[in-house]
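What follows is a set of structures to go through.
In what follows, chain A forms one complex with chain B and a second complex with chain C.
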Partner chain A sequence: MKPVLEVRELSVRANSSGVRHRLVDNVSFSISAGQATGLVGESGCGKTITALAIMGLLKEPAFTVTAAAIELNGRDISRLGGRQQRALLGRDIAMVFQQPGTALDPVFTLGQQITRVILRHRNETRKQARQTMLQALGKVGFADAEAFAAAYPHELSGGMRQLAMIAMATVCRPAVVLADEPTTALDPGATALILQQLKRLQADHGTAVLLISHDLAVIRKNCRDAMIMYCGRILEANGAGALFARPRHPYTAGLLACIPRIGPRRPAVVDAIGGQVPAMTDLPSGCHFAPRCERADPTCSRAAPPPEALGGGTVACYRPL
Partner chain B sequence: MDGAPLLAVKDLSISFRDDLVAIDRVSFSIRPGTTLGLVGASGAGKSSIARAVMRLVPADHGQILFKGQDITRLGHRALTAVRRRMQIVFQDPSASLSPRRTVAQTLQEPLRHLSRTSAAQRKRKIASTLAKVGLQSDVLERYPHQFSSGQQQRIAIARALITDPELLIADEAVAALDVSVQAQILRLLMRLQNELGIALLFISHDLAVIRQIADEVAVMYRGQLLEHALADDFFGRPAHPYGKALLDFAEFRVDPRHAADLTRPRHSRPTAGGPGATCVYAAQCAERLPRCRHLEPPYVALPDDGQHKGTPHCVKCHLHDV
Partner chain C sequence: MTGTAWQRLRDNGPGIAGLCIVLVFALVAVCAWSGLLGQGWAQVTGGRWESAGPDHWFGTNLLGQDILARTLQGAANAIETGLIVTVFSIFLGAALGALSGWSGRGWPDELVLWIAGVLDSIPFYLFAAAVAYALQGHEWSMHVAMIVTFWTTTARIVRGEVMRIKSREFVEAARAMGLNGFTIVLRHVLPNTLHILVVQATITFVAAIKTEVILSFLGLGVKDGVSWGLMLAESSQEVLAGHFGNFLAASISLFLLLMGFNLLADALQDALDTGKVIR
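Our next item is the complex of A and B:
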């Protein structure tokens, strides 16, 4: 089946006072209809930049985005003009952000904001758009859609705002939703609810979801495929089950060791990865993870290991597990 | 395990306006050198408990006892002596550390305000405290923004430790940290507990973190304490339907009744006790009985769990009221 979203060799450079460093380095992946792919990594690894680059929201001169391809249903979206891009965003591809409080406009009600999105992209009258909006709120789980349509963002909890964001992002049935840490600011009840909604979109509308998160548990349980990102590079990619059951990259294994399981016995706290994530302006040569890696030897710092096929997925490591 | 509790909260109630009850008749205690994990959804009242214990907000009813002393209504001067002994670390270190102070200035402040020490004594204390949290002395002349969030949190912990407290409250102290850094900070806190005998009130809505660090678990919902048990007893045999729901959430399962609750607009909570008191969780409960909707459940101890260890498994639920 042809993928809905295909990204090939995406790189993003930040240009600041003559210094150009890669925030995203040669990232490739694809997502099929109705599937969720997870992009996992710790803060600053380039996950959000990847999503913004796909959306075409990173512009010169601040950023230089290069890619062999960014294709939506086979159509190249990497070089669209302003008007075409505005038509695309929100309608065919939408993004859900981490902090719904700041993504929502505080001076308009939820109903007004969602209706505005509908009017921009669909051929509906105001009356029709209002009905569509109420239906969208009902679909994401608001029992009293009218009451929520009349509410301002500050009157809602974080979980409810995020549900509203999902309603807004999906009211035009986009083919792809990029969800950037959608549950990070939420407690477990709201988290479970949000992820349930994303699954519903995949099942009911065939939406392809890129789920970005630093939370491995979220990715493990809610994605079919997963990629591990570190300092702008994909270190490992595989089916989520395989990746977490049998990690090949030492960084993946280290991350997994830090996540305890909730079980009948108290787990030991494992401080599996020493040191810190390096600053993007001062990246180690060769494999960026080498200085923190127990398995590293001098070759690791000489040149970045290319991704190799292994265990059903790919891993960028000279000495995989 | 016996011995007088370090902290005892008895029937504590706090409301912020006439209609908003933040904490509703909550009782629990923490023994010296142990960790109580306080869990529950956002808005359950966990942070309000922390602020109440730190005497940052006044209590309406009930008592807070620290080392047997009633500190509930203690005046400012008398509180100063107590404040050395209990400290707090918050979720966002960049918000809790003054951006205009160097690390040295930040660490000196509690020593200046809460104890009588000479400059030389302060210098020694700062050096030894930095060592305890794994920081080098070259951090002293730098400002918070020059550090990663993990390091900032270490600085915040150093500040909390510097007066040799016996109780440390950690309010979502690792929630904003990356997974690998979270593990480092948790290990640090547990090592400090081992070495210094500090008790920990650890507030978090992340059950995986709680599972690693807590000796006992207390579950809050809408200002009430619904369950309290040894950690092994809670995770092995959760008694309250809400406790079970929390464990389900960690597996990304949401009961439809709960989904409805999460999407209902915030409403004011019923005032403590009084007519019309029901089980606060009844509307969302998958296991509710008819009486749950018009009778407040008693807080009972389950017969077997934890009795021998001095922490009976307690639950506020009609299902367990035999």
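Our next item is the complex of A and C:
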């Protein structure tokens, strides 16, 4: 099956503070229609930057984005710009933000904001747009869509705001939704609701979802494929089941060992990965994880390990598990 | 939010008093513009310096003109000047402030700040006199002088606010929905500065009316009409002779209108400060 979104050799450099350092380094992946792909990583590893780069929202001079190709439905969108790029955003590819409280404009009602997106991208009259907006709100689970359309963001709970955000992002039926930590700011109940909506999108409209999260459990339960990101590189990618059952990269294994397991005969100790995430301005040469890796040997620090096929997925490691 | 803002305003006693005063003056202005009130301000309808009576409620001036009519017409002129100056200088301030704040550290920002800095460094009454001279005493010279100098404060405040709003996530989200920069400024950034613009408008309005009176008093303002400033200028001789009609009518009207507006502005500031509700 042809992927809906294919990212090839995407790199992002930040041009601030004199040093041009890489925030995203040679990332390639693809996601297919009707399924969710997870992108996991610690805070600051480049997950959000990857999503913003795909959307074309990172601009010179602050950032330099290079990519062999970013293909959306077979069309390279990495070299578009200006008007053509903006025509895609919100219509063919949309983003759901981490903080629904701040991603919605405080001075307009939800209805006004969603209607604006419809009027921007679809050839509809105000009346039709209003109907489309109410349908969109109804679809994400607002029983009384009229009332929610008239509500201001501050009048809603975080979960409801995120549902509204999803309604806004998906009202034009985009082929791809980039969900940037959509549940991180939410309580477990709201989290379940949001994830359910993302699943419904995949099932009903064949939307491809890139689910960015640092929550391994969320990824495991909701994604078919998963990718592990560290310091701007994808270290391991595989089917979510295989990746969690049999991690190949030492970092993935370390992450999984960090999950506290509660049980009668287990010690209440969490295996933390030793050391600290290096600063993005001062990355170690070769494999960025090498200084913290128990399996590292001198070859690891020489050159970045290329991704190699292993166990149904790919691993960027000289000495995989 | 407009509902709750109105409720907060309604619970503010002084604010409501201010609103009533402003509404009364607005009514007077509308009546004067539509020819219902204060039409005889230029006609000689009585003797010189008549005291208040049934024919002339506020008395007459040196030439025998009715002071009440002149006060009412003066109110209409003051409000007209206030409205024109406010609309133009707020519009200019919002547009240039937004341009400046949105462009960040680029040259438009530098340029706007430089122009604002230059205008702010000129003493205002000197500037008004220069504009009046340059425009050869044209009746709009007073308005031009005020608009050109009053926008800078609004622009500076809007600039700061736009810089703050620019980094908020909903602006990024608007970009992610495919809106261009101009649309984002117009639809998302400026509406978020509305509470500032409303309060700035009330402040500018008060300043414009005050300045109109002062400029007219100095002979730099209203020429072929009537103004509270002109009435005060007349009264500077009359008060010594014991005739207080012009002086009391003009200064009390000015005081009432400005106080009413200030009370309203204060109440509006409290009612519209969305920060208290949202964050």
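In this text, the second predicted complex is superposed on the first by the 311 of 321 C-alpha atoms of A that agree within 3 Å, B and C clash if a C-alpha of one lies under 4 Å from a C-alpha of the other, contacts with A are read in each partner's own complex, and residues count from 1 in each chain.
We adopt the following convention: a residue touches a chain if its C-beta (ideal position, glycine included) is under 8 Å from a C-beta of that chain, and two chains touch if they have at least 3 such contacts.
Worth saying up front: this structure is predicted, and the values here are computed from it rather than measured.
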Inset, instruction - Quick one: on chain A, after the overlay, do chain B and chain C clash, or do they fit? Just give me the call. - result: fit
Legend entry - First (chain B), second (chain C), both or neither touched by A:2: neither
Inset, instruction - Please indicate which partner A:261 is in contact with in the superposed arrangement: first for chain B, second for chain C, both, or neither. - result: first
Inset, instruction - From the overlay on chain A, compute the angle at chain A's CA centre subtended by chain B and chain C, rounding to the nearest 10 degrees. - result: 80
Inset, instruction - For A:221, decide between first (touching chain B), second (touching chain C), both and neither. - result: first
Inset, instruction - Please determine whether it is chain B or chain C that touches the greater number of chain A residues. - result: B
Inset, instruction - Please work out whether A:302 is in contact with chain B alone, chain C alone, both, or neither, and reply first, second, both or neither. - result: neither
Inset, instruction - Report for A:79: first if it touches chain B alone, second if chain C alone, otherwise both or neither. - result: neither
Legend entry - Partner chain(s) touched by A:97 [first = chain B, second = chain C, both, neither]: second
Inset, instruction - For the combined overlay, can you note the least CA distance between chain B and chain C, rounded to whole Å? - result: 15
Inset, instruction - Across the two complexes, find the residues of chain A that touch chain B and also touch chain C. - result: none
Legend entry - Touching residues on chain A, where the partner in the complex is chain B: 42-43, 141-144, 147-148, 151, 155-160, 163, 186-193, 195-196, 214-218, 221-222, 254-255, 258-273, 276-277
Inset, instruction - Could you pull out which chain A residues touch chain C in their complex? - result: 55, 57, 83, 86-91, 94-95, 97, 99, 102-108, 116-117, 120-121, 152, 154, 165, 168-169
Inset, instruction - Note which residues of chain C are touching chain A in the complex, please. - result: 1, 168-170, 172-180, 187-188, 191-192, 194, 274, 277-278
Legend entry - Complex interface listing, chain B residues touching chain A: 41-43, 148-150, 178-184, 186-187, 190, 205-209, 211-213, 231-232, 235-236, 245-254, 258-260, 262-266
